[in-house]
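Below: a set of structures, written as structure tokens.
Two complexes follow with chain A in common, the first pairing it with chain B and the second with chain C.
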Partner chain A sequence: MIPFDQILVQIVNGLVNGMILALVASGLTLIFGIMDIVNFAHGDLFMLGAYLGTTSFLVTGNFWVSLLTAVLSMAVLGLVFQAAALRPLLGRDPLTTILATFGISLVIQNYALWQYGPVPRRLPEPVTGHFQLFYVEYPWYRLVIALMSAAIIGGLYLFMKYGKHGIWIRATTQDRVMAEAMGIPVPWVHTVVFAIGAAMAAAAGVLFGPTVGINHAMGFDFTLRAFVVVVVGGMGNLGGSILASIFISLLESLATIWVSPAQAVIVSFVALILTLLVRPTGIFAPTPK
Partner chain B sequence: MSTVARATGPSRGYWTGFVIVVAALAAAPFVLPEFWQRFATEILIWGLFAMSSDILIGYTGMVSFGHSAFFGLGMYGAAAALLAVRPPNLWLAMLVGLVAAAIVAAFVAFFSTRLRDIYFSITTLVFSQIFYVIIFTWTDVTGGENGLTFRQPPLGIPGLFTIPFTRNGLHWFVLGVVVVSYLVLRRITQSPFGMVLQSIRENEPRTRAIGYHVERYKIVSVMLSGLFAGLSGVLYAIQNKFAAPDFVLFLISGEAVIFNVMGGIGTLVGPVAGAAFFLLMKEVFSRVFYEYYLIPVGVIFTLMVIFVPQGLLGAWRRQLNR
Partner chain C sequence: MKLTEKWHDELWARDMWWSGKTTRRKFLGLSAAAAGAVGATMLVPAPWREAFGQAKPYKVGVLQPLTGAAAAGGKTALVGTQLATNRINKAGGINGRPIELVVADYESKPDVGRRKAEKLVVEDKVDVGEGGYLSNVCLACMPVFEEHKTVYMIGVCLDTTITTSKCNRYTFRPFDYAPSQAMAISPYLVKNLGKKWHIVFLDYAWGQSTRDAYIEQIKKNGGEIQGTTGIPLGTADMTAFISKITGSFDGLFAIMFGANAVTFTNQAYDLGLFKKAKYAGDGAVAESTHLAALGNKIEGFVGVNRYIPVLTKPLDTPYHKKFFDESKVLLKQMDPAGPDPDRYVQSNFEAMNFLKLGIQKSGFRGREDSMKLIEALEGMEVKESDDFPQGDKLLRREDHQAFLRQFIFDIKNVRHRLLDVVSRDKVVVPPACSFPKA
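Moving on to the complex of A and B:
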């Protein structure tokens, strides 16, 4: 049978991957919840963030400084993207926004290929130690990733709950017209939300970077996974997305005990299809009244 | 609008234009240099692919992001038939390719049509990714990353004649298939069935209220679309003598959507024009930007989504649907 410790190691793996995915997916769901925009380029923002991290690392030589610069520059890029490509589409069919963000995704992906080349880039781990987890030497850095992601998501939660912009965002999500009537600058809120989503994707990219080779195609995987998570967790539901990220990542990690990682993706796809058939509003979302 | 169009029938101008375009395409091999001959054939194949997804995007109002699954299955179905049967038989390859695409389409349709809007798009995308993973990892049968290569089957009618395809012969064969498919699809979209599809696009609850079984119509629509996408996959396999997992990847589905948006949805010929426009841009820009041609193409696509949402031929949508 399968050794128990193997299952435990995969559970730890699943939790760590789940936290990264939660960071990407919560940005996606935030953007969807407020603007009805399905951001096809979200995984590419994640990928571009990771690349910006490598560039910044070459200059500064410090991982944490690189993380900060990548996050800030992606936030600015997010502002620009939203204002240039998505603001004109406000109020049109949500499908139009899928098309526009799909175009942006193509541009970002090929820009990254052009700028950074086809050879995967490496980002060194800022924390290099290992500890013994049953039969493997488990890197401390992976736990740092999980904690950092949890901290960022916690920060987002506090910001949404108590920050002025956070309250504006929640108000706009609830009722766009009413929020506008109350004097909330709705177009600006949209732009800020997109920038926050992009920044979180970049943070996830830089944190995730050291565990893999960064390449221009890795964004699509995350776009797809984030879609799965956002649907399973309930569109526009922040808490649901975080739970769903962990759930999906655990499923995939456990599936890798039996099949190759490439095939394990199918497990999460099946979870998505079952969710859509059984409970289209999302497993981790409260039942709509 | 369409009922009036049906009463008056197609205009003479439309059919004149149709004959001129088909004649020009048929004459293309005589005037074009070798490279562009092949290019013209390819435009026709991708045009058929784009047309098939227009049934969903333009007529039923559902954007499929998983059309590569049908294209790829047509391709692999044809490959299987060509490799399994000696001597390779063209008609058998087409039949197997179409059956493979139809089975997949039925499967995808059964699940995805229960969902609307972006959920439909995401589900079709996820299904195509499932088929991609299966084809990519099932190396023993599909050849995995390397795909399958085979010989081109000859054109023939059993007992009558058999001739190998020449470059021109292939072009005319593809042209014939595409023109017939166009006329069939056009007839379908103008039939009462096609009218129901368009009414689903315009107002689904009302269509349901009138008494149409909307889900059933959607399933047939996805299957129809998948069948013609599979046909284009078969043609592509025959032209290029290989089947590769890259053609099941979601980028191909994305291209189908690009063709539609660029050419003009809901016109059937618009997507073909879109395919031609896209492939020409790809050709031109790859001479300047090499493999990064998708940067300018992506920018142009995004700009078109924002500023020209009706596409190149969208302005003539009414005339083209007469």
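Moving on to the complex of A and C:
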């Protein structure tokens, strides 16, 4: 008999982790959906965002200002990366863009190592304190991360649904040629989408930063998991990726009740393989008509 | 033009040869030729220099993870190697020959480590190997050095099996290992912090063998192990693991290092684990280089380490002060915050000095003399000095394992505070190695 408290603790864990993962994955899926680019540098944008947060915190001493500064700075950097390294590759073999993002990843990692040194950095959490969740003291800050992630993703959803430029992005996703024919500046849409993806990765990095030692290798774990949820949710499907993040995180968390968390990761890979075998378009993607 | 046997009698060559009279043209010409010859010797490749009799440097192949998950430790470890090399070369080298470091970055990956070790011995033709940080990489590289009959002086790797079940004649560990550390701190843990323990470890070679050593020693001292939790190396979010640590125990013992230690400490603190139980662990959890990243969450941590950056008795020696100050200068170049030296700096510094003494004693010329170097190092005993600021050491003949004193410390105001010193004779573990016959 599994104790009820263990199940509830793991559900809360799964939901919180799922929201952080959703924030990372939504940027990744947005970039893929619009540009057909598998962005291997996404985890490194997450890491660089966290580092920029520490720099900004040293100057301002305010976490929320640091979050905003890091997000804006990474958006600008995203513009530069896309314009300099990816825009010239538009329409080429997807392998070239994969290699380009892999190159960007190596550049960012080594830049972070050179600029910030190898020693982990600290970013203090803006909200301290705990509440009792059965047998564990749960930090309020983890709930703040989940809520902030939900707010950012919600903001993106509203922008995509009702904003003029959001409609441009959706139109470009649906039919690039037709969008261009209707006067939408498609190359610029690509650049801005990459900037939005980079900004979202940075937001996730800064929000997650206080729970870890910020280091140049922190993005790798998230990149791998984000790729799993993007495939399970449907490549390029924003809503699907968010649902898949929560689904996969909940599955993993509940599995830890019976097996070690290290073994629970297998659950997400089983879900990935099953998705590719049974429904390659993604579990949460609408059925093509 | 007719060729003549006495071509220097030709008109065009007349000014080039000494004819019994020094002209200004001849003087300037000869001076320029001499300066050119000196300059050219500085530019010629090393093999030509050797042919002309200049001191051939000892090539030391250094393996460190300078990128990837373990980069922080690898870069710090390299500082120790560089500091010792700078001192040796400044003092005229070893047997009149300078040291040349050939540094290889193994990117925190065992397969890359093995490949780089092969490159060092086959292509770079190093005389000896030094370094290593991740135990799984040391274990992967040891057979390469053995196969090429090259001495490998390990700088950091702590996995127990390196000098027990997987020992080989060419590998030396000139610092402590988990069985000694466990012997040093376990009585303190059980007597002062509590009887019931839960062990959290990094789930790879070093973490697993260290866990086993602590289980044995805590039980031997009358304690109990309530459970163990293994966390894979490089896990970014450890909450799933930490929230599974339940039950009743007095202390939580962590076997972690680097960014993993920072993440674990942060998240275990956030989940209120340190309110329930005392926090103790391997000294690598609270190395000086990442104390700032841990902040107040590491307050009260009790650990054991071969080196801590404190200058109080018995570490208030001029040797330690000199090592401390010189390390800080190099560490500041690596990290502008200028952290204090840690055990990785210390053990690599002393590893290079063991090599120095061995080379001096054996008259080692190159890899053909590896066996002479091994025989010189086996059973070597060193005293606390400029070369060994940590203290006296014995490099045991039977298993090439060093024995040294241990420091028990806690963290107060984000600084190390020395609680106790456990002498070398109290941490000697019987040898568990038999070298394969050469």
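What we mean here is this: the second predicted complex is superposed on the first by the 277 of 289 C-alpha atoms of A that agree within 3 Å, B and C clash if a C-alpha of one lies under 4 Å from a C-alpha of the other, contacts with A are read in each partner's own complex, and residues count from 1 in each chain.
The rule we apply is simple: a contact is a pair of C-beta atoms (placed from the backbone, for glycine too) under 8 Å apart; a residue touches a chain by one contact, two chains touch by 3 or more.
What you see is a predicted model; the values in this text were computed from it and never measured.
With chain A as the common reference for superposition, the partners chain B and chain C occupy clashing space. In the superposition on chain A, A:Thr173 makes contact with neither chain B nor chain C. In the superposition on chain A, A:Ile98 contacts chain B only, with no contact to chain C.
Of the two partner chains placed by the overlay, chain B and chain C both lie in contact with A:Ala262.
In the superposed model, A:Val9 lies in contact with chain C only, and not with chain B.
By the touch criterion defined above, A:Tyr135 reaches chain C but does not reach chain B. In the superposed model, A:Val212 makes contact with chain C only, not with chain B. Touch criterion met: A:Gln109 reaches chain B and chain C at once.
In the overlay built on the shared chain, the residue A:Arg121 is in contact with chain C alone; chain B does not reach it.
When both complexes are overlaid on chain A, the residue A:Asn17 reaches chain C alone and has no touch with chain B.
After superposing the two complexes on chain A, the stretch of chain C that clashes with chain B is 116-124, out of 116-124, 170-178, 224-232 or 386-394.
Overlap of the chain B and chain C contact sets on chain A: residues 109-110, 113, 220, 260, 262.
By the touch criterion stated above, chain A contacts chain C in their complex at residues 9-10, 13, 17, 20, 109-110, 113, 117-122, 124, 130, 135-139, 141-142, 208, 210-218, 220-222, 252-253, 256, 260-262, 264. Within the complex, the chain A residues that touch chain B are 38, 85, 88-89, 92, 94-96, 98-100, 102-107, 109-111, 113-114, 220, 224, 227-228, 231, 260, 262-263, 265-266, 269, 272-273, 276-277, 280. Every residue of chain C that touches chain A in the complex is listed here, in rising order: 67-69, 71-76, 108, 203, 230-232, 234-237, 239-241, 243-244, 246, 258-259, 261-263, 266-267, 270-272, 275, 289-290, 292-295, 334-337, 339.
Interface of chain B with chain A (complex): residues 63, 65, 111, 114-115, 117-119, 121-123, 125-127, 129-130, 133-134, 136-137, 250, 254, 257, 261, 289, 291-295, 297-299, 301-302, 305-306, 309.
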